[in-house]
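Have a look at the structure below before the remarks.
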Amino acid sequence: MLLACRHITLKYAGSEKYVLKNFGFEIDGPGFHALFGPSGVGKTSLARILIGSISDYDGEIVKRRIQSILYSYNMERLPGWSNVGTHLDRITPSAKRDLKDEMVNAFGLASFCSQRFSQLSLGQKNRINLIRYLVQDFQVLIMDESLANVDEITREKILLTIKDLFPDRCFFYISHNVLEVSKFCEHIVVIRDANKQPQAHLIKGQNFSNGHPLDKNAYEKTMLEIMNAS
Amino acid sequence: MLHRRVLQFLIIYTLGLTLLLVVKYLLNLSDYVIPSPESLINTSQQVFSRYFGDVMDTLLVAIIGQVVSICLAVLVGVLGRQTTWFGSFIKVAAYNVQAYPIVAIAPIIFILLGDGFMSRLLIAAMICYFPLLLSILGIMSEPVVDVEHFYRITGRIRWQLEIKIRAFENIHKLTTVVSGSATLAMAGTIVAEFMAANAGIGYSIRIALYQSDLSRIIVALFLIGISLSVYQGLLEFSGSWVKKTWASA
Amino acid sequence: SAAEKLNYRLKWLFNASVVGDIWATDQGLFSEAGLDVLVKEGGPERDAIKELELGQAQFGVASADQVIRALSKGSPVVVVAQLFQINPLHWIYRSDNMKIDRLDDFKGKIIGITYGGNDETIMRTLLAKSNITESDVKLFSVRYDFTPFFTKKVDIWPCYINSQGPILKQKLADAGEGVAFFNPSDFGVKFVANSVVTSRKMLENNPDTVKKFTTALLSGWRISLDPANRDIVLETLKKYDKNTPPDILALQLDLTRDLIKPDAAVEIGYIDVDAWKQTEEVMIVQKVISSPVSVEKALQPQF
Amino acid sequence: MLHRRVLQFLIIYTLGLTLLLVVKYLLNLSDYVIPSPESLINTSQQVFSRYFGDVMDTLLVAIIGQVVSICLAVLVGVLGRQTTWFGSFIKVAAYNVQAYPIVAIAPIIFILLGDGFMSRLLIAAMICYFPLLLSILGIMSEPVVDVEHFYRITGRIRWQLEIKIRAFENIHKLTTVVSGSATLAMAGTIVAEFMAANAGIGYSIRIALYQSDLSRIIVALFLIGISLSVYQGLLEFSGSWVKKTWASA
Amino acid sequence: MLLACRHITLKYAGSEKYVLKNFGFEIDGPGFHALFGPSGVGKTSLARILIGSISDYDGEIVKRRIQSILYSYNMERLPGWSNVGTHLDRITPSAKRDLKDEMVNAFGLASFCSQRFSQLSLGQKNRINLIRYLVQDFQVLIMDESLANVDEITREKILLTIKDLFPDRCFFYISHNVLEVSKFCEHIVVIRDANKQPQAHLIKGQNFSNGHPLDKNAYEKTMLEIMNAS
């Protein structure tokens, strides 16, 4: 076991509704996993519990050999005083320079490094921000709609690159795209409304990566499973 | 911009002067209460170049005082931004010092520092730094979550960086307050001179006041206003230059 | 008209040196004369002559240099009574290590003057009188607090002998130091101090009111300075000046008496025309005013 | 919070006093330069209750002055926030008025307004309003694009709404500056009293200065500081209350 | 013709690259249309040209009988001083109260109206913001990734509701989801890199709406066409 949530219960102060109720799941090891569920179900809240920025919940989080959980979301901004290239250089540990350059190219950003963050398109912002996190030391990275404003083709490429480069890390990818999570993720934590129990289902995804064929039928089955679990 | 500022000052000054003269002629007041245009012209011929030198003198001290108070305000703002006991202690200390009208603590300052340049500079800086401090405190104690999150979660946040981020995000407010506080530095220096110095336009104003010579004061106000307009115009210009270069280095 | 409200603007705060003004209002001397007078404290930013012109006051107290300056700028001010026969502006010094018996004793001393103030005019006149040049003494710019004198950076410091004098004397006495005061008029410089003023229009249109006012006021001064009334006057003063200890107040009162009525022959309110002329002369010589104003024309005793 | 503020003030005051006494004994200064502890105690017994009344008097005027200056600053801030000629004209006017030390324009104020309550209030407000003005100008002239876009594109934007949005988004900075400016209102009132009034602690300070009585000034500073700490504590409290209620009405 | 862009050329100040070059398309009438293209291609820039917030471009925009073009994007925020329900009430013309309530229900927001905007999940924010625009008077509404953070099921429902309620308006829907634009849009303006000419292709979509069947084959053909045009 790498990470487990057990009996997590969360209600925001001043609110009547449970966001999470007796919520739990367990992830065995590294891999590219998804947190999936309708808008407003509590994905972001769960992420904030995992990184400790919400502490007013019941239940327990069990971590094994995890020193660092990072959380990245799609509204983040880079400071505006230098261009994004300079900024990336500055926050990349020197051992990971090459890794960073590789990703900048793979994510299609090479020609935008001389621009300010504010001069980028939304999808470009998303991608630059994600790279910042990938060059850090972490065991778990939660990507909260980190690629929500990137087109599908670029997004697929990015996901494959990440899976290639970081096979030993654990990712939680928050996305609203069933096709995508079914195809790329090893496990999908499907979250549903707090008054349905159990609130979470763990579904095996196709875990598609470069050089492996995708089984069309199994893929469709996964999608169906997810739909049913929602 | 500079040109506009100076023009606007001239308009304001003319308006003010006209108002005074209207009062004078309406109430039929003697030159002792409100000087006549002729005596104003006479006076300005007499004192213009001397006062101009004085104003330059004062402006120089004011500029140094402003720099000092910017440093001071940043220091206190940075220390006081935390919600810790120490942070709020610093804030209380800064507030308290400001609450005392300078006339009341000036004797203590003179006892501790003598009446040389230091006392004057301190008084000027103290008068000027407070608005800066207030703005900087407000800005420095408010997180810019979307930018700071990354640094915080990756353990990279340092107070210098925090300050840099918050300053950058509020650069417009900061430049407004810095260029605005120039007027206070000037006023502060004049007050300091008024109380303690034997140079500068504040000193000349004191003498004119002793002699109830309003026409000299009116000339002094003109010179103060016009040099300040120029200085402020320059500050605003450099403010927008900083904004531009910092945002596109 | 009896009900007319009159404002009387003093030059300074309520203290022993305005005891006559206080007495006149406190004891109802004005109302006895059929006048409704409001006595207002003065201050550094106050100028009674301006208020006369603006109609904010009908009577006031102004120093002679103020009057002469105002006259030189065409202000229609008239002096109806002179309060101080001796200018209270003296210089204080530590008597343990120096003595100022002759003007020559100034040589080598550090002397405080208020640039632009009338103590500057007086001191410069004194120095000129004895042919002491600026290089023989060191002039020090005075501000409102006494620290440079206290810390012995300055030898001789200007002060008002009847108000600040006793306080300073006591402070230094407590520390075992003796003080003495230097009086310019002892050396022939008569520079008139505070007088009662009104506007020429007031004098011409309401000569009665002016007379009644001046009379009531001066009788206030007369009664309050009568040594026989000392105790009751001190009681009254205490009500108006809560900031001065009673023993000091008594000293101040006695000193004030000597300045207002230096000898029995001088009537309170007497306008010393020669002194006024000398004051004007000094101001011309010192270039405080550019041309003569014939101050005697503005001196119109009303009692 | 209030409790903490008062405690912190006491610490600061004690520190300051200790410093003075250390200087006194180190330099062997006599009691007339820096008063001895005994004479301080004596003096405070004599004047405490009277000065306390004076301080309350002053505080009352300061509070009114602060309200006036908040209104003034909002007015000028709102008018001056535009980048139009008129906006910058207002700004220049406001800056210029502030550049003149109050001592220099006080004679003119007294000529125009007499010596009533108005002059005093005006002087207090003028000293206090400038930091407010600077902050408000900075805040009011910076668009909050993500919130304002909707109102702008649907033609709904009004200046009131624009101000409301910008004030709300910067409520933290505003409350900081408002509660901080209380100290300036106090200082301003004291200066006004110092120059013109015949009541309040500023008046008492003037007399103490005139009588060269540092121990009274030290007592006055104590009373000013402590009442201000309480007032500021209350302001901060209401500041956070405003923040809370406005954000969750 | 309702709206046409002709020979639009745009380069940002200080930048070397053309964002739009000799770009053009024409829309005949109302309907639910898409602006589609990879991240960074210039969709947002085009929108800003259309609403006039970028004016430093070459070429011409021709409008017929259009008084009001609105533009909504996914980073907008509501003011925080009242809850979102109150806010919606305030900006809804009284004649459209019912319309608003209908949408609040259809978009799944009824139980969140008492919350502040800052207390909403990302997708909830998106939806509330969109409703604000839909109750205004407009002929054209550009929705710039306005539903990017909403789950697919809710999103479909929202799109169908919009198409139902506003058949006589013109929408430009900016999205990165091929499936979605192919299915729901009448026309898809496919935008590609500025150095390919023509930069834009107008492709007919399936214009799926409630009560109409979806032709699977045609649908797939549309997707293919879009892919090819990109």
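By written order: A, B, C, D and E. Residues from 1 in each chain.
Throughout what follows, a residue touches a chain if its C-beta (ideal position, glycine included) is under 8 Å from a C-beta of that chain, and two chains touch if they have at least 3 such contacts.
Keep in mind that what you see is a predicted model, and the values were worked out from it rather than measured.
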Shared interface partners, meaning chains that touch subunit C and subunit E: D
C-D or A-B - the one linked by more C-beta pairs in contact: C-D
Chain whose mean Cα position lies farthest from subunit A: C
Centre distance in Å when subunit A and subunit E are each reduced to the mean of their C-alpha atoms: 26
Distance from subunit C to subunit B - Cα centre to Cα centre, in angstrom: 37
Cα-centroid distance, subunit A relative to subunit C, in whole angstrom: 86
Distance from subunit D to subunit A - Cα centre to Cα centre, in angstrom: 51
Multi-partner residues of subunit A (at least 2 other chains): 75
Interface hub residues of subunit B, defined as touching at least two other chains: 33, 107, 111, 206, 209, 212, 248
Subunit C residues counted as touching two or more neighbouring chains: 47, 50, 54, 144-145, 147, 151
All touching chain pairs, where touch follows the definition stated at the start: A-B, A-E, B-C, B-D, C-D, D-E
Complex contact set, residues of subunit A against subunit E: 12, 15, 17, 37-41, 43-44, 74-75, 108, 111-112, 115, 119-124, 126-127, 145, 148-155, 176-179, 230
Subunit A-touching residues of subunit B, taken from the complex the two chains share: 146-147, 149-150, 153-154, 156, 164-165, 168-169, 246-249
Residues of subunit D defined as touching subunit C within the complex: 29-33, 50, 103, 106-107, 110-111, 114-115, 195-196, 198, 204, 206-213, 216
Residues of subunit D that touch subunit B when the two form their complex: 4-5, 8-9, 11-13, 19-20, 23, 29, 33-34, 85, 88-89, 92-93, 95-96, 98-105, 107-108, 111-112, 130-131, 133-135, 137-139, 141-142, 172-174, 176-177, 180-181, 183-184, 186-188, 190-191, 194, 202, 205, 209, 214, 217, 220-221, 224-225, 228-229, 232
For the subunit E and subunit D complex, residues of the former touching the latter: 51, 70-73, 75-82, 91, 116, 129, 132-133, 136
